[in-house]
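Okay, so subunit A shows up in both of these, paired with subunit B first and subunit C after.
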Partner chain A sequence: MAGARHGVSHPGVLFAVLGLAALLVPFMTLAANRIVAAEGVMAWSVAPAALTIPGLVALVLGLGLGLPAARPRLRLLGAVLGLGGLLWLLVQGASGLLDGAGDYARVSPALGVWCLLTIFMLSMTDALVQLAPGPLARGTLLAAVLAALAVILWSGALAPLSVLQEYASRKAAFADAALRHLALAFGSLATAALIGFPVGILCHRNRRLRGAILPVLSFLQTIPSLAMFGLMIPILGWIGDSVPGAQAFGIAGIGFAPAFLALVLYSLLPVVANTVAGLAAAPPASIEAARGMGMTSGQRLLRVELPMGLPILLTGLRIVLVQNIGLAVIAGLIGGGGFGTFVFQGLNQTATDLILLGALPSVALALISAIVMDILVELTRPQAARAA
Partner chain B sequence: MKAGAILRPAVILLLLALVLKPEWFTPVFAPLAPEGAPVIYARSSLLSLSLSHLGLVAAATTAATFVSVTLAILVTREAGAAFRPLSRTITNMGQTFPPVAVLALAVPALGFGNGPTLVALFLYGLLPIFENSVTGLSNLPPATMEAARGIGLNRWQRLIQVELPLALPVILTGIRLSVVISLGTATIGSTVAARTLGEVIIAGLLTSNTAYVLQGGLIVGLFAVAVYDALIQLEARIARRSGARKAPR
Partner chain C sequence: MIEIDRITKIYNGVPAVDAVTMTVESGTITVIVGTSGSGKTTLLRMINRLEEPTSGEVRINGESTLEIKPHLLRRRIGYAIQGHGLFPHHNVARNIGAVPTLLNWPKDKIRARVDELLTLFSMEPAEFRDRFPAELSGGQQQRVGVARALASRPDLLLMDEPFGALDPIIRARAQDDLRRIQRALGSTIVLVSHDMEEAIRLGDRVAVMDGGQLVQHGTPADIIANPATPFVADMVGDMERPLRLLSLVPLAEVVEDGGAPGAALPADGSLRDALSACLWTGRTAVPVEREGALIGRVTLETIRARAGLRA
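Let's look at the complex of A and B:
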């Protein structure tokens, strides 16, 4: 970074230009009710000028602070300030626009908000990449961001927004969907790990077995997800009907079971392949040394090969977790529950806010899981390798 | 290699038969369809659905290749180096977005039909191609680059005549990954009314007709396998040709 000490940050300039451009497109929309087409409102007219000016100033200042290349902390501050300004305008607009607009009127964030949100998040990311915080600092930061988000949502300042009104009218269903989504994603991850780790260890030891199992698992991955979910329905339906007692365990053609099984099948390849790769990552010299110390093959596995391969094993779990959070959305199509239920209901009713109610939490969940798993992978990496 | 020589034509023949003469397979699929329901999807021709499916994937991949290779060239130049860490984080995080969520979010902006699918496929295509192009363009043998500079090639000539050809195999790997992901993701596009083979699967899901689900899934799966294999062959051929010309690394 020495060369850029006194210069402006190139990404900062790009963000500033894009950010100013994003101010020139509609910031929020106001619609007479949930279904009709909405009309756009610019950022400076969402509320009286006295209320919008502080927000606009914060936005522009935030973009400006992103410019000095050698001051990543200042750039981080700028991004936070910008996000604050964005939130301020949203809160003002949410209540301001609804005033006297009728009982069924809906306000939503429009293109401008989404663009500015993306720009400030990217600018924050860019500053953070430059600061290169360690895994613990990243974890603390993530927790702080999530806490701030929770406080904002909980305070009700954004409650007039259309997507949160959709939430307010489906609180119980949303909690159900969230639990179901988590159960699908994490349950299938745990099951895949329970099956995949032993299979991976066997494959590591037995070359012929590896040659037989890995191609089958790769083939499973080429089956389009929609078809995989579809094929599980008759198979589980048949098991539920013909195996006594199976239905008592919830095994049936529709609902949770087929979605769960489809996710497990998709998860096996990353788990098994990364277990094999992880176990193979231990350098031959270490294995030789372990053998020389008189360790049995079981001891070698537990004390040498597994600890050394742990980062790669965890990377496999990260792939699976993120992939399953995304695929679990499709479960909504076959009655498997989860956030996908709202997405597909919203698509059927062409109700954008309902789509958002399902899509935003899935995106957030996937992002959070990816960040947390990345931190875990880094923590398990041996100290020496981390320093290098 | 021997198995490939038999399997490859078999896969292609099976695929052609499934798409062009689906009625041949009536006895195979009949046990899976509910009684009295049609066995073979006939609401629109499988050929036109396949062509539309492949067309969407091809269009999205072409656009994604063009954009991501251009971006990769920019961030591997000195002037664009400041964007490199950022672009890496974006590709890393971008891959975590659930495809259905992206499709659904594109609907309010673009309406139902092929539009949202094209956008989603384009976005997902960008990531693997960009990542591989950056890798390919930054791991060039220093001796070759020095030689190119030595014989007086300017930056533009070096890029076109040396860097891009050397990075081509790695870029192609990225394109292959992206195409295979897109073939599968395009089926989900039918949930927002895109004309793809997903239509067959969804029709099966809605009428609990497993015959449809299997038919659609089988065709898409076979396309994925065939395209994957074809691109691997192409990569091997290009690697062999450039390997013959350039000095061993």
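Let's look at the complex of A and C:
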């Protein structure tokens, strides 16, 4: 209809083709227990036809609604409908497939689910980019999506899925890992900001200092993460052994301290470099005028340079936060705790579900942080620039 | 009164400003003219100590500027620059109120002052107060920049090529506005320009800088009629001299009794306007009016008598 008038969305076509193809690969898998190889089940066989048809219709309709290029709202609706269909099929399959399959049987989402999930999320992102909602609308949307996700998980409809089974048997450890992961990511961010902002301000004021510090921080950034965590072990181990009282503060070769320190070191370059860039963003004429009207250097910093550079400063924090949520997974390798613990346990036991239990929340956390920080960055843009 | 006393600035052993001495009377406009590299901007910036003089001093109403902390000194001196330097993240009211805010004026006093200045610069306060600089035209931005420099009623206003970024028509209007506002407020202004036309148009006094030295300091008429060095003569432009002289003489000063044919010129126009009108319409005299009433005429004879060196 609208497609005929205004043409077809190219990404929409791509999503539709890929989505239909994704329906032709196994949608879920069923295994007799946690370790043995699983067998794939197609989307239309996860439950009786009467139950799968509504879900399949929603999927196909969702892909179709993504086509009209000039109707971003319709495309958004299509993505939501598709995600709904996906969820419906998952819920039906989760309970349906387990019926009579034995006590240790496991049912998991397979390639089809992951592909379709990705396709509908991309389609949603594409529609949102076209709609260009304001920061407030984006925040509301994010809250709505999170609330829906919470309700679904709370309801227990997906509880039979193997990932959630892994969760059910590790509730306490999961809460612990989540707290630890947040502490690593946000704690290192806060520490890096506390160190990086003053250093950035000094670098902005002093060209020579900038020339000395930025290359060092760039060098730190180039150390591969595994190597960095590895390097922390002997260094902090030595400090823990030779500085009296250090071990009482938890400083040792492995554990939270080396992971935290490595994350802080990684964070310094984005924070310092963006602080320098942000402070340099004020037009030279404005700085000259500020000096000429009798602002002290502190007043210039607080009233002119910082407010104008704030979006760039926050962009630095955004980079650090998203980066550290990802890196904190690797910290699991040196006993730093966090979701990485599950990932590496899962890798050792070749238990995919356990890997996912660590990986999925990390991805979600990174996504949410990125969206929230983007909203903050936009809110701090000067009003006039936003209006234009 | 501003006394500049043997002020010198040396960069890497080379004097950028070389022992300049000059007095600026209160309530006047002094234009410092020179080519780039003549030291005119350095001279200006030493007055509010954006550049520290190597030797010599500046006294404002007898008080040496070296005895005041630089940032406190600058709050007493207005400063307007080319390209206005407005704060893009503050609206017009906050931009204009910047110095009064630094001086801790009460809020309502700042607000009243902002509205007063906007009105003075022919910008409706209700319409412009809350706009951001990006939402103003180039001419409006420049006016806000000058209004900001005047906000705290400074003893002295320094302007560094304030009209340099404006197109010629807007620039002429901005110059007229500045003249009118300076007369109304009685401000003391030191303005730097590379444009002799602007200097003659605006200045009560013109100071010509060349190679770090003050080569001539006098009234515009004096500079045109008796250039002290070949450089000054060059700046004035030989061919333009008669016309520049004529542009300094208001019709009201030379009007004589009698009538003349054709359209009348206003009494605050210059002899240059009268010459132009005569040549264009083939008349030998033009009538002069003030507020709609004819007050006499100006003849080509009079114009000729004022256009050159009088014997």
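Criterion: the second predicted complex is superposed on the first by the 382 of 388 C-alpha atoms of A that agree within 3 Å, B and C clash if a C-alpha of one lies under 4 Å from a C-alpha of the other, contacts with A are read in each partner's own complex, and residues count from 1 in each chain.
In this section, a residue touches a chain if its C-beta (ideal position, glycine included) is under 8 Å from a C-beta of that chain, and two chains touch if they have at least 3 such contacts.
The structure presented is a predicted model; accordingly, all values stated were derived computationally and were not measured.
After superposition onto subunit A, partners subunit B and subunit C are found to sit side by side with no clash.
Rounded to the nearest 10, the superposed model shows the Cα centres of subunit B and subunit C diverging by 80 degrees about the centre of subunit A.
Of the two partner chains placed by the overlay, only subunit C lies in contact with A:299; subunit B stays clear of it.
After overlaying the two complexes on the shared chain, residue contacts for A:216 are found with neither subunit B nor subunit C.
Contacts of A:143 after superposition: neither subunit B nor subunit C is touched.
In the superposition on chain A, no contact is made by A:57 with either subunit B or subunit C. In the superposition on chain A, A:363 makes contact with subunit B only, while subunit C stays out of contact range.
Put subunit B and subunit C next to each other and count what each touches on subunit A; the higher total goes to B. In the superposed model, A:340 makes contact with subunit B only, not with subunit C. This overlay, made by fitting chain A, leaves subunit B and subunit C with a least C-alpha separation of 24 Å. With the contact threshold set out at the top, not one residue of subunit A is in contact with subunit B in one structure and with subunit C in the other.
The touching residues of subunit A, counted against subunit B in their complex, run 4, 9-11, 14, 69, 122, 125-126, 129-130, 219, 222-231, 233-234, 322, 325-327, 329-330, 333-334, 340, 343-344, 346-347, 350, 352, 355-356, 358-359, 362-363, 366-367, 369-370.
Listed in rising order, the residues of subunit B touching subunit A in the complex are 32, 79-80, 82-83, 85-86, 89-90, 92-93, 95-101, 104-105, 107-108, 180, 183-184, 187-188, 190-192, 198, 201-202, 204-205, 208, 210, 213-214, 216-218, 220-221, 224-225, 228.
Against subunit A, the residues of subunit C that register as touching in their complex are 48, 50, 70-76, 79, 81-89, 98-99, 102, 132-135, 145, 148-149, 158. Subunit A makes touch with subunit C in their complex at residues 283, 285-286, 288-296, 299, 303-304, 307-308, 382-385, 387-388.
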